[in-house]
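First the structure, in the form of structure tokens, and then the observations on it.
By written order: A, B, C, D and E. Residues from 1 in each chain.
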Amino acid sequence: SPAQAAKKKEFNIAWTIYVGWMPWPYAAESGIVKKWADKYGLTINVTQINDYVESINQYTAGKFDGVTVTNMDTLTIPAAGGVDTTAIIMGDFSNGNDGVVLKNAKTLADIKGRKVNMVELSVSHYLLTRGLATVKLKEKDIKVVNTSDADIVAAFKSPDSTAVVTWNPQLMEVKGEPKATPVFDSSKIPGEIQDLLVVNSETLKDNPDLGKALVGIWYETIALMEDKGDKGKAAREAMAKLSGTDLAGFEAQLKTTKMFYTPEDAVKFTSSAELSKVMDLVRTFCFEHNLLGEKVKSKDAIGIAFPSGQVLGDKKNVKMRYDVSYMKMAADKKL
Amino acid sequence: MNILPGRGSRLLLALLPFVLIALIYVTQSAQRRAENPNDKLLPPVSEMVDAVKRVAFEPDRRSGEYVLWTDTAASLQRLALGLGIATLIGLTFGLAIGVLPFVSTTLAPLVGVLSMIPPMAVLPILFIVFGLGELSKVVLIIFGVAPCLVRDLAHAAGNLPHEQLVKAQTLGASTWQIAIRVVLPQIMPRLIESVRLMIGPAFLFLISAEAIAADVGLGYRIFLLRRYLAMDVILPYVAWITLLAFIMDWVLAKLARHYFSFAYTVERR
Amino acid sequence: MSTLALRDVWVEYGDQIVLERLNLEIASGSFVSLVGPSGAGKSTVLRMVLGQERPTRGTILLDGADMPGEPGPDRGVVFQRYSVFPHLTVLRNVLLGFEFRGSPLLTRLFGAKRRAAVAKSEELIEAVGLSAHRDKYPSALSGGMQQRLAIAQALAMQPKVLLLDEPFGALDPGTRTQMHALIKPLWKTHGMTVLMVTHDIKEAFALGTRLIALDKPRIDPQAPGRYGAVITYDLDLTRTGPVPVMGFSKPLSRAEDADMSKGAQS
Amino acid sequence: MNILPGRGSRLLLALLPFVLIALIYVTQSAQRRAENPNDKLLPPVSEMVDAVKRVAFEPDRRSGEYVLWTDTAASLQRLALGLGIATLIGLTFGLAIGVLPFVSTTLAPLVGVLSMIPPMAVLPILFIVFGLGELSKVVLIIFGVAPCLVRDLAHAAGNLPHEQLVKAQTLGASTWQIAIRVVLPQIMPRLIESVRLMIGPAFLFLISAEAIAADVGLGYRIFLLRRYLAMDVILPYVAWITLLAFIMDWVLAKLARHYFSFAYTVERR
Amino acid sequence: MSTLALRDVWVEYGDQIVLERLNLEIASGSFVSLVGPSGAGKSTVLRMVLGQERPTRGTILLDGADMPGEPGPDRGVVFQRYSVFPHLTVLRNVLLGFEFRGSPLLTRLFGAKRRAAVAKSEELIEAVGLSAHRDKYPSALSGGMQQRLAIAQALAMQPKVLLLDEPFGALDPGTRTQMHALIKPLWKTHGMTVLMVTHDIKEAFALGTRLIALDKPRIDPQAPGRYGAVITYDLDLTRTGPVPVMGFSKPLSRAEDADMSKGAQS
């Protein structure tokens, strides 16, 4: 359990299939994980969980020391559940990987009055509310039908479904439907949907080597991924395969993902003042949808700490932290 | 072997395992809370009570509805429809397969195969054929439950002593008459028994269907709340589902014993 | 009305030969008592005549035509093991036959029809002495009471051929006499053909117009299933003169048996 | 009613519904393709054959594994363990509840309640308690299947004619002896029958468990590919699962008829 | 060895009174024939002595002590309806008792023990004439064969008290005589107490040392369940002098009956 954090040697990291997280299984398979773990005298198990929410739940319940997760879900699940969580890797942000698709429509405004199939209370929901605001619509103007992410493609095949919000790879499949029009996507709200690797803050405090190893793994792997040559192609092909698609499909998804291939870029983004504005938007959405807990009376209840030392919300109850120190070590080649 | 516990000790004995489970829960919950005061996995009973008060007796902040009751109403309606239709299918097809060799050779293999198809895996096809609305949820329940019922009832019907069918024929019964007056009433207790065993699976399919696409229902709520591990609501919901299922089970058991008392003479010892 | 003929009938279960070369002609309206040791194949003969079982070889004819393959309302039966319907009360067990006949679709009678059927059923129930138990389920009846219920049920339909497999086996002498008194006039007035298995020789003689004994004439100690039972006695009980007693009539030889059947065929 | 179809027509009759379904599929598939040449929902048979060749007979380029077979091996192992343990639980508890009034009063209500809890709804707790490895998948199957088996067998055991138990007691049997020599062999056919009915649900639970946490297995593959609606692989996988289940069902049926022939005398008519 | 006493026993099913004020003392080693009309409550008496059923009122004593509430190996039984185990072959049905006794845990015998048990079982199977059917399941036996199997099974255990409910009802006279010849020496040598229900008066007299008749002395036509059966005859068949015949001995009055039981108690 997370509270029993102390010096330990074996760590468990959970990941789920998503274009921005595919380096993890590749790193595990190709020995990069072992290499870095050995370097710090650790054992790191990288485990795949098929169900994204379950992976976060299991992390929150203490079964894992780290997990791949978005910024919003970090706030609503572990942080709201009292598990102090630190984001040590800013992997990417969605730059079109999440989108709204309508049938028989031209613009997002046409969504008015429709039933929208999406994973309720997820980043899709967030994306939709952000989109609705741009066309002066309210959530009341539509009807949300909670639809499981695995089934959303099939659901959109049904004549009953005329509007969906989803992410990749489902988004690509949905866009390919006849009469389907993408009307809004995350490239319109760049930087707001971030894909992170988070670890339990206490575990990290007691075992800084874990952070170093993870960051080391990450940047070695994505350097390979970015490689324009054969090695890079082979790596991307392997990742494609692992996510159940082929190279072309995977690269198409990569196009709509703003990867931070270098630690410098990631540090820069994470340290920018913009981030706290983004998180304010996110936590406002979360609060309005009761995601911070039924008893929470204000969006300030949970504190979010930024690299600058600034804290959004309750300073005494900081449960989510952005930490660039490890990525900085990578940038400085100090690992 | 024939030592029957008395009335009082009976109740005690029956409650014992539940008390044990409750105890384990309470201590585990307290332990987790001691480690993490915000732990959500095993909330203490007090929080669950609060949560129940909230969902059952306070209107929802956004929709103004009493969430628990609207969820329950929606789910029970789906369940009743699904289970009801599945029962009808189970009864008619089970009877036909059990009584008529002709139907049996044609349909028994099909039913055998159908009962083996995992319905979840062919959901996309179900969506196309039955849409995303209430129908597909009901169909999923039927699809999951009916083949089992058909098989069980066909088996029960086929197992009646052959002498009885011969006897009925000598009394001038047609096949139809045998089916409705000799076989049907005698497999009714088994039908109820099977339906009782199928309540659990039916709820399972209902919840799965609601997890896949819905905007109201017990399963919908559970899966929505799972997004932020709100076990303080999920656990009472699970308990509530279990209670509902248990009540249905109990009512069916009583019905069977009341209307088909002839089948329960062994129990009277 | 209904002549029954068995022609060279064999019954085998796997290795075991149960009945061998059975030839039998039963005239319409006769009351045949069938006796024989336990396991001789008496019930098997009844099952075949009923249409419940098919002979391994040979044919069974009803009025010269092939026996319908299925049991039907022309043949009533009281099985050796009580075969009443466990899910119906005494009254409803007897009523069921009337309902089968009177209401092909719903199998439920209403109004006058129902009253008539109930009256007839109650008469029969009274006759077998079960009036006091009209509304009991079979599970609450004693063995003999169930047997009487089965008799009432079978008699209610007045079948052309009535097959009785030890119908009075579980009854005390008094009740047995009552049953005799019930069945005899019914048989006489309706011209039924009755085939009754019994272990009570006195009963066999008292009721029957003909007595047939089944037995194994030969037993191979090495292979007990090697030989089946044949008809060892066939007595006409209607002829005038002194009542024949078992010992008096000499057993049929197998040759005679074969001759007789030839005669019947020609 | 007793008209039995001949051997040849039997096979034809049995195949008829399957041929019909195949026909409907092929025409529907062709129609969808005509409308949208990229349709993935109902791929033509040729594409499915290609897909099967790919997953079954070509080694995976990376791992060198034959995907279909490794998936099958992993899933079958889980299933066999889960179903096996559930069967053991069903048998021992069913027997105990059916034979001993004392155990019955203590455990029957618990089992009744357990059988009503939808396992999917308490998955997070199951995963916490049993970990995310093979164990939790096996446990989910057990949790889903065992209560049903226990109830069904307790019912079967309790329904044996009371005379038999009395008779055994007069022959000097202890409760234990009655359980293993009188009740057990007589409920074995029902056990097999129940397990056969539970093969479908067991696969369902397996697939659900694999959908949530696994990296190999039939269910894992199906859920992985569902995001892309790769029905050309999903449908053959479903067919394969169905075939596997059907074979298990068939083998169990044969076993029952072979080892417990006494229970199938009615069928021999 | 085992005196059986019923003291003021009543049995009621709901409204219906089946047995009324039954008082009965059965001496160890006696062979009691129980007769009476169908439905009188004979099987009920047996079920009570067996411990399968409890009287509504009254007590049953075995050797002066309260009857153990459960059936046990001291009391063997042949039920009215064949109660052999359908899942065991003929041989195994008989063997089962030996296995119960000889192997408390596994209930399986091996080696010499098993050979001895098999030998004893086969002897009994031979005695009831089922040798040829040793390996058949009960479903492949005729009614009478099942009854014989049940007899062999019960006799194998040589119980102190043997309860027989119409044990020979489905048997032909020949086989019946064989069974008599089988049971009589067993009863004599082992000093069993036998309580046998039969409808065959001759059999009742031939085998029994005492004959008890159950019947309803009064019937209220409005409420047939109002009065139960009582003991109407109780004959000692061992006394010297002319064999008593039913008509000869006068029925016990209810007062005498009560007196007798008083006498027995004192």
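We take it that a residue touches a chain if its C-beta (ideal position, glycine included) is under 8 Å from a C-beta of that chain, and two chains touch if they have at least 3 such contacts.
A quick note: this is a predicted structure, and the numbers were derived from the prediction, not measured.
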| item | value |
| --- | --- |
| Set of chains adjacent to subunit C and to subunit D | B, E |
| Leading chain pair when contacts are tallied as C-beta pairs | B-D |
| Remotest chain, subunit C as reference, centres from CA atoms | A |
| Distance between chain centroids, defined by C-alpha means - subunit A, subunit B (Å) | 38 |
| Centroid distance [mean C-alpha coordinates] between subunit D and subunit B, Å | 18 |
| Centroid spacing, where centroids are CA-atom means, of subunit A and subunit C in whole angstrom | 83 |
| Multi-partner residues of subunit C (at least 2 other chains) | 70, 81, 140 |
| Residue numbers of subunit A (touch at least two other chains) | 57, 61, 151, 153-154, 157 |
| Subunit D residues counted as touching two or more neighbouring chains | 1-2, 41, 124, 128, 161-162, 169, 226, 229 |
| Of all residues in subunit B, those that touch subunit A in their complex | 32, 35-41, 51, 54, 61, 123-124, 127-128, 131-133, 211-215, 220, 223-224, 226-230 |
| In the complex with subunit D, residue positions of subunit B that touch it | 1-5, 10, 13-14, 16-18, 41-42, 99-102, 105-110, 112-113, 115-122, 124-125, 128, 144, 147-148, 151-152, 155, 158-162, 165, 169, 175, 178, 193, 197, 199-201, 203-204, 207-208, 211, 219, 222, 226, 229, 231, 234-235, 237-238, 241-242, 245-246, 249, 266-267, 269 |
| Interfacial residue positions of subunit C with respect to subunit E in the complex | 13, 35-39, 43, 80-81, 129, 131-133, 140-145, 147-148, 166, 169-176, 199, 201, 224-225 |
| Interface residues, subunit A side, partner subunit D - complex | 17, 29, 47-51, 54, 57-58, 61-63, 149-151, 153-154, 157, 169-170, 173, 176, 178, 238, 241, 244-245, 249 |
| Residues of subunit B that touch subunit C when the two form their complex | 161-164, 166-174, 176-177, 180-182, 185-186, 260-263, 265 |
